[in-house]
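Heads up, there are several structures right after this.
Each of the next two complexes has chain A plus one more chain, namely chain B in the first and chain C in the second.
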Partner chain A sequence: MRPPSPSIPEKEFVFDALKHSLRLDGRLPLEMRTPALSFGTELGCVECSLGKTRVLANIDAKMVKPTPERPFEGMLSIHSEISPMAASEYEIGRPSEEEVTITRMLDKVLRRSDALDKESLCIIAGQRVWHLRLTLHFLADAGNLLDCACMAGIVALKHFRRPEVEVVGDEVTVHPPTERAPVPLAIHHTPFCISFAFFPDPSTQPVIDPSLLEQRLSAGLMSVALNAQRELCVVQKLGGVPLAPDDLLAYINVAVAKAKELDVIVEEALKKDWSGRHVEVR
Partner chain B sequence: MASSSRVEILNEGGFRSDGRKQFELRDMVIDLSQQGTADGSALVSHGLTQVIVSVFGPREAKMRSQTIYDRANINVELSIASFSTGERRKRSRGDKRILEMAATIKSTFEPVVQTTLYPRSQIDIFVQVLQQDGGLLQACINATTLALASAGIPLYDFVCAVTGGVHSTSPMLDLTTLEESDIPHVTVATMPGSGKVTLATMETRLHVDRFEEIFRLACEAGQILHKEMRAAVRSRTGVLISAMQSAAPRQGIKKMIR
Partner chain C sequence: MTRPDGRSPHDIRPITAEFDDLARVDGSARFGFGSTPSALASFTGPIEVRLAAENPSRLSLDVVVRPLSGIPGTREKKTGSVLGSVLKQSLVMEANPRTAVVLVVQSLTDEGSLASMINASTMACMASASVPMRGVVCAVDVGMTDDDFIVDPSPEEKQHTSASGCFAFHIQGLQRVECIWTNWTGSGFDEQELLQARTIARESVINVWKTLKETVARREKLPLEAEDEMEI
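Right, the complex of A and B next:
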């Protein structure tokens, strides 16, 4: 069920405020909501929240036979269906345009960018590999589901530990976590997604991490996924307000700075969680 | 899939795998002759990539629920022929990649088409991909611009798209499939009148500094394509006018050829 479009007074107020570089929730135009990460008891379960937007990511692993085209690589499949729990406009089974964008973007950021080393997931070439399943549950939509989902996904991958496997000849022994400490995944780099929203009036500055109202009123979105080493993984500006090339490059530089901040926050949260976990060595 | 015979992307003489130089664009063939009952159509080839676009509209919307009270609704349907690639592959309509590309084309043209002139109507854009050899989105966007112009739909400006990539440190323009699968690349669409960028997509990893280089280059290349596209529209208009003239010669029509 499509929600009613924002009313004219709401629209005018938001645009007027943006002309004076003011946002409804008091943030600066280039200020992101501070992400809050909370980890579940199981490894690989993390809930990421950007203000009121919440996404829960869960990873589980099982051993399967690899595809014949790629016998040396493991597999990562991403399940990200948005249910009406996030907002009443989403329906199961009928992907809205926004859902298609989010699914494709997650695919590009987490799979195509080679963040995860798939060859390290191989147990016996051609016979047994790990198949990781990343499931994203969208709990609440208060704008910018995309950035939240990408962060939840990559943090879950960093948090997850797979059981240790011992291969003797053709025999595979999987050691449960109680016997041997589980092994972290081989992650090449940590991509973060940062979204900008542009508005119809060309003199208005774009905003980072749009809230729900700002997203609905925007005339164009640009999402940039990059890691803290200044490498761009995905640049996606699909139509919308035309930008001068210099402006676009300036916004990418803003995103570079934000990615560094996010990297620090994520590393700290992961370290804190890991120190709180009791790992007994027998 | 790794290439079995190692073809060099760029050899020491500065030539690419298909014989072009670094910044050379592929041959662009534009055919604006009428296709079926479409209001406007364009058959565009960039080298071996061939795309045909048919535009219907503005006309009454098929589904009342999709009409917008103060502007025209743009509907884009993309279909990729199963014989378009080297290996025959049937693609379902609901394929996310195709849906995404169609949504991309729609949002690229929404600010370009003067939709406020046709409230409550619909403009249908049907894109059919006949041959793929790299630069698919680029070809689709260029063909759509030409089809919209050929249909007489008012546009604020042309949209010219081009792909660019970087092979170690050498930037290259207009990539083929072989190059796209090997090097990081970006597709950029610009509006030549103002020089502004409407579309920029990149799916491969690339350092920020390299990206800046290839991005600026692609923006400039858009201007070159604009010349070709405008010449094609001009010559097509000339053909139509001379056909009209031979049917009913009138003094006033001669002035239109300028």
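Right, the complex of A and C next:
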């Protein structure tokens, strides 16, 4: 089902309000919705929500034979299909534009940015490596699914623990979690994606973390993926809204500040969850 | 016979049933036997239907089942068709012709529990309150061991059962509880034992039904009627 376009009164009201730097939900233009992270019982399962937008990420791992081109590296595959649960406009089997954008961005942010050390996933070179499967479920689309999905993905990777493996010669022993504590993945850096929405009137300031209405009414979107150490991973700009280089740098600085805030929130949430888990030491 | 977690044979685990309030669907709910939910269901409709699926006399029900990891496959398709056929017994399909209804069920655990999915779907339908229902569909698992029948076996207990299955009941009040579906399979059971399992499931499913009723009453802030305390 196609999404209904916003009505003319809605459009005019939102544009007028934005001219006065007012957003419908009362946020400041450069204010993100506070992310909330809720972890499941299994390690590697996390539900991330930005306001009403919710994404569930789950990681599972299995041992496979590596590809002959890369015998020393493990694999990470990402499944991110949007189901009608996110909104009735999404259909299974027919990838919407949003889904394609999200899939490509997730691939760049989580795989190509080398956030995860793939070589640490190698067990026996050329024979056995870990194949991690990250599955993202989009539970509700209230704007900015992309940022929510990237955050859920990287937090799931940080939360997941793989079983400890002992290699003696050619023999591989996988220790269950009851015998030996599972091992965290080797994450080089924590990239976050921050999206800006631009509007047709060039005098209107862009907004961060657009809500559903703002996203539908935007003329262009820019997503910046970077980590708290000011390293850029991806800059993606859609829509064709002209942007001066000075403005672009200013917005990237804003994104850096947001990434640092998000980093603090994520680390705190992970620490709190880990301290609540029963870890028995014999 | 005591079970590993201390339950008696016909006890179900404490149920987790909560309405979820997902923003873009009409109704959503989570359900699980135990302290964590194992299925999340969302219901949207009646909405515009694809021309190919349009039916002039009844609404078309689309069920999408998604596993926790990986992409949906044949098993999810089968679960989807089971859920559809079970819910159609309750939903009044003729009330909204030429429209569609979409039910999406997300499994929140690796194994996936069909009984939880059925219960979550019923709750989502009730939360959306947009398609009239004849009654409430509830389901519960039963397993058969050498000693006795156990209700709501945990995954570890299921491995030691010789036969097990999920029973779905259409409940229209305490006086009308009808078994509408089962997938009882196993080895070495006869018709008598199957009927026994069904009777035991029928008694247990009332507790599921009561929990759902309490959950709805709490959400709508309505008092529960005293007549529910009548015997079957």
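What we mean here is this: the second predicted complex is superposed on the first by the 281 of 282 C-alpha atoms of A that agree within 3 Å, B and C clash if a C-alpha of one lies under 4 Å from a C-alpha of the other, contacts with A are read in each partner's own complex, and residues count from 1 in each chain.
Note that in this section contacts are C-beta pairs under 8 Å (C-beta built on N, C-alpha and C of every residue); 3 or more make two chains touch, one makes a residue touch a chain.
All of these numbers come straight from a predicted model, not from anything done at the bench.
Visitor: Looking at the overlay on chain A, is there a clash between chain B and chain C, or do the two fit?
Guide: fit
Visitor: When the two structures are overlaid on chain A, which partner does A:Val172 contact: first (chain B), second (chain C), both, or neither?
Guide: The answer is neither, since A:Val172 touches no partner chain.
Visitor: Let me test your reading of the model: by the given contact rule, A:Asp141 touches which partner, first (chain B), second (chain C), both or neither?
Guide: A:Asp141: touches chain C, not chain B.
Visitor: According to the stated criteria, A:Gly40 is in contact with first (chain B), second (chain C), both, or neither; which is it?
Guide: A:Gly40 sits against chain C, while chain B stays out of touch.
Visitor: Classify the contacts of A:Arg104 with the two partner chains as first (chain B alone), second (chain C alone), both, or neither.
Guide: Touch status of A:Arg104: first partner only.
Visitor: If you stack the two complexes on chain A, which partner ends up touching A:Leu226: first (chain B), second (chain C), both, or neither?
Guide: A:Leu226 sits against chain B, while chain C stays out of touch.
Visitor: Once chain A of both complexes is superposed, is A:Ile124 in touch with chain B (first), chain C (second), both, or neither?
Guide: Neither partner.
Visitor: For A:Val256, is the partner it touches chain B (first), chain C (second), both, or none of the two (neither)?
Guide: First partner only, chain B.
Visitor: Quick check on the superposed pair: does A:Arg54 touch chain B, chain C, both, or neither? Answer first, second, both or neither.
Guide: In the superposed model, A:Arg54 contacts chain C only, not chain B.
Visitor: In the overlay, work out which of chain B or chain C sits against more residues of chain A.
Guide: Per-residue touch count on chain A favours B.
Visitor: Aligned on chain A, what is the least Cα gap between chain B and chain C? Give it in whole Å.
Guide: After superposing on chain A, chain B and chain C come no closer than 14 Å at C-alpha.
Visitor: If I apply the document's touch criterion, which positions on chain A are contacted by chain B in one structure and by chain C in the other?
Guide: Residues common to the chain A contacts of chain C and of chain B do not exist here, since the sets are disjoint.
Visitor: Name, in rising order, each residue of chain C that touches chain A in their complex.
Guide: 22-25, 28, 36, 40, 42, 44, 47-48, 62, 64, 66, 68-72, 102, 104, 106, 108-110
Visitor: Mind pulling up the chain A residues that touch chain B in the complex?
Guide: Those in contact with chain B are residues 69, 95, 97, 100-101, 103-104, 107-108, 112-114, 219-220, 222, 226, 230-245, 248-249, 252-253, 256.
Visitor: Could you list, by residue number, the parts of chain A that touch chain C in their complex?
Guide: 1, 40-42, 45, 52-54, 56, 58-60, 79, 81, 83-88, 92, 133, 135, 137, 139-142
Visitor: Could you please specify the touching residues of chain B with respect to chain A in the complex?
Guide: 1, 96-97, 99-100, 103-104, 106-111, 186, 191, 194-209, 211-212, 215-216, 219
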